[in-house]
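First the structure, which I've put down as structure tokens, then a few questions once you've had a look.
Order of writing sets the chain letters: A, B and C. Residues in each chain are counted from 1.
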Amino acid sequence: MLLLLEEIRHTPLLWLLVFVPALFAAEALTPEAHTLLFVLSVLAIVPLAALLSHATESVASKTGDTVGGLLNSTLGNLTELVIAVAALRAGQYTLVKASIAGAIVTNSLFMLGASFLLGGLRYHVQEYNRVSARLQAGLLFLATVALLIPSAVTAVDSASTTFVQAVSVGLALLLICAYGLGLVFSLKTHQELFGSSEHGEDGETPWPLPLALITLAVVTILVALVSEVFVESVQEAATAFGMTPAFVGFIVVALVGAAAEMASAFSGARKNRLDLSVGIALGSASQIALFVAPVLVLLSYVLGPTPMDLHFWPGAVVMIFIATMTAALLTNSGRSAWFVGVLFLMVYLIFAMTLYLLPPRVA
Amino acid sequence: MLLLLEEIRHTPLLWLLVFVPALFAAEALTPEAHTLLFVLSVLAIVPLAALLSHATESVASKTGDTVGGLLNSTLGNLTELVIAVAALRAGQYTLVKASIAGAIVTNSLFMLGASFLLGGLRYHVQEYNRVSARLQAGLLFLATVALLIPSAVTAVDSASTTFVQAVSVGLALLLICAYGLGLVFSLKTHQELFGSSEHGEDGETPWPLPLALITLAVVTILVALVSEVFVESVQEAATAFGMTPAFVGFIVVALVGAAAEMASAFSGARKNRLDLSVGIALGSASQIALFVAPVLVLLSYVLGPTPMDLHFWPGAVVMIFIATMTAALLTNSGRSAWFVGVLFLMVYLIFAMTLYLLPPRVA
Amino acid sequence: MLLLLEEIRHTPLLWLLVFVPALFAAEALTPEAHTLLFVLSVLAIVPLAALLSHATESVASKTGDTVGGLLNSTLGNLTELVIAVAALRAGQYTLVKASIAGAIVTNSLFMLGASFLLGGLRYHVQEYNRVSARLQAGLLFLATVALLIPSAVTAVDSASTTFVQAVSVGLALLLICAYGLGLVFSLKTHQELFGSSEHGEDGETPWPLPLALITLAVVTILVALVSEVFVESVQEAATAFGMTPAFVGFIVVALVGAAAEMASAFSGARKNRLDLSVGIALGSASQIALFVAPVLVLLSYVLGPTPMDLHFWPGAVVMIFIATMTAALLTNSGRSAWFVGVLFLMVYLIFAMTLYLLPPRVA
């Protein structure tokens, strides 16, 4: 406990934790002040995500390579999952889908691009393990195909709901299966190809196991509570800020959910440990595409008012496709310089600008 | 002749030849039992395709490198061609197109993926000649562009039939020309880049020339006769089995037509001769796309009730495009492990599942 | 001046300069003879473009590496820019867009493919700097995304003009910014990666600075005057020749505008200096996509009757996308043989044939 307080004192990011009680107070006092609640919930999620990420890594580091890798790979996007479950229970499927698509795009373009740029500003040319980048790009490509095909083979209007739902459940099972086999491949049968740089995770000292487990449980509950306020307030706040719903789901939610991982990825790039950055960015993107999204589809049968399908807005499918192509083409060489980062970020800026300007009714 | 009988006795696959007379008997006795005729014709085509393949290779091995390579490259997909001609004469253009698209997708995803998986389960990492894989992927890409462009530049409804037919004939001639130049490149001017592993073909002893030529002629006629029954019965059998026409054309016909080549490709992969597997799988896919399909378009002016064009169902074009991208991206490194095979097979499973669930009216 | 006359006497291409006065005479005498004026203006633009190109290079060679590279990169497509400005002032936005799309496609497919083919017919295998090819392919990919996204996220009919115009201006600024950063990268921070083969430019002796500057000024004015006749006559001439407007904009204008660069690229390939050819072809394509096109959008607010947007005909977007993918996939290895050129040219031929046969009303 003391260790936790110590860590909070030394990590400015965690000072934002003060906004967690502030949010709950504000919600009790002025439940209609959506814009205030939105801002407070964003500020509260960021430090909670950082704690969650540290707790997960601490548990992982105590449990041996394979189990630890498995934990990291399933709990690594717990924040995104908890936010999405909150939106799922509220029946806000458009927000869930926008945040899934946005998280894939944000991780594979913004997080990766900013890592390349930040690393490239300090080092002339950087190298990283391209076998690992290729595996993640391959998994992302598979997920893109899964999102693309149902839209491509059938016109939206004429497709019966039964067909779309049946395909979605089938795809969800296939993707989870591919994700599991990918873990077997990278953690078990061919782990020597993937380098060992993913351990040590940025020099942070791991917490003792009891503290890590308690933090994991408590913070997950807090994130769930904060997410509920966030989901309730996001639409009205967006209108107040003049942002389109597409922009909010795609950009704002995705950036908030991935804040903690970004801190790690950027710090890795600045220390010339680009393997770490590429692993976090692409690993996170493929985890959301092949694990979080399918799990949400299956959970929607239990938690949601109606089943959720994998039929995405065509614009989102195109953006995911382009993000995957960008990652596949630009990480092919295993070398990076600052301009590679600029190319990634420019593609992301094109998406963000288009979504920001998009008339509300379209998306 | 004795040699042929000897070979049949030692090859369990060829015992299926008993279904050839069984089929003709069944057709004479119960011409309305479509499901029975369908099953028998599938069982009869598989061993005939294997014989045809062996006969072609035997002729090729007697005629020197260049002519042999040429023969292999033009007669290698004789089974698919004969089945398609049977469907063409019956005016079943939807089936012809579905089986072309399906053969490209099945060869470049299922045959290649299963080879990588089977090889990868026995060998940790396998290498293959990536120059050859790149040439085939480049040819496939060209064919994909040819199928994509007419659909892309013109909306289906508003395009005049004259335009689509003129473009189709032009594209057919261009593709055959590209295919011929590709043969000149790989068999003549730059053959040293393509390795010599394609000869020896899996340790089978070639037949003497007269036996090979007679087998080639007789079996081609038998395949043609069986194909006619197959084409007549396939639609009604599909309905009986609860399969959509798209699924039958894309998956069932393609798997039946390529059964013999798959046996060779898989056996090559298990013997760590992945060059052979990649050559058969991608070579077969590009041959169908750049040679069989254009020849069918030109033949339709002679054999079919009306000219056939190259305007494919958009879903099929997307699947061919994705299959080509998958092959291009994943064969780029010239190395393979079991998980690469899983990625190919997962893309194929996504296609197969979507087509299986597709409501009949859409395709 | 004597030097200029000397050069004209030794360069057969420059003898075509005689068509410049011929064109002005014809325009004064028979202003309604559109077909004649069209042919004469084409014949007059080609030698002027060659002079312009030589003058630019001469100025560049006098000004040191960085400024020279900058000059080459901004004035290298001056001919295309002047032609497009003439069309812009006439309000012919369809022609402007078709010629932009056509220039990108022609440079990255025809110019590059013909270079590979011509080089490959003389040399067995050629190598070139693939870092440079990758940078250009990356820039082209970015431009393709910029052209693709506005069309993808919004249906053409329902998109408000305000949205399309706002996005277009934003994209134009982003692209120019990316282009500028790309110059900083290749000319300043990482110039060692890009080889030095771009200097020396094909053995031509540079002109003295005053002659070069005067030529630059005078020839630019002449090109502008000729372009105006060209733009006025092109549509009616096209009808007279039985060509569709899409074919004229995409193929004819693009080939005319790039004639001078093609001469350099082809001559580089024949001298086994493929770096030069790849640099000219892909550099020119990315310059048009990231500099000329955005500048035209911004200029349309000053010069045109109404603002021009970046919303292209879907068929053109698909062609640019395919051209970019072709360039990215086929230049990935840094090695070339004649068949690689054939693949590029075949893709180009598919485009040209489709556009030639396209019914006029579609595009």
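Throughout what follows, a contact is a pair of C-beta atoms (placed from the backbone, for glycine too) under 8 Å apart; a residue touches a chain by one contact, two chains touch by 3 or more.
This one's a predicted model, so the numbers in the text were calculated from it and none came from an experiment.
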Chain-level touch network, classified as line, ring, star, complete or other: complete
Equivalent-chain rotation between subunit C and subunit B, CA atoms, steps of 5 degrees: 120
Chain centre separation in whole Å, for subunit B relative to subunit A (CA means): 41
Two or more partner chains touched - positions in subunit B: 332
Subunit C-facing residues of subunit A, complex: 124-125, 314-315, 318-319, 322, 325-326, 329-330, 332-333, 337-340, 342-343, 346-347, 349-351, 353-355, 357-359, 362-363
Sites on subunit B touched by subunit C in the complex: 134-135, 137-139, 141-142, 145-146, 148-150, 152-155, 158-160, 163, 166-167, 170-171, 174, 177-178, 181-182, 185, 189-190, 193, 328, 332
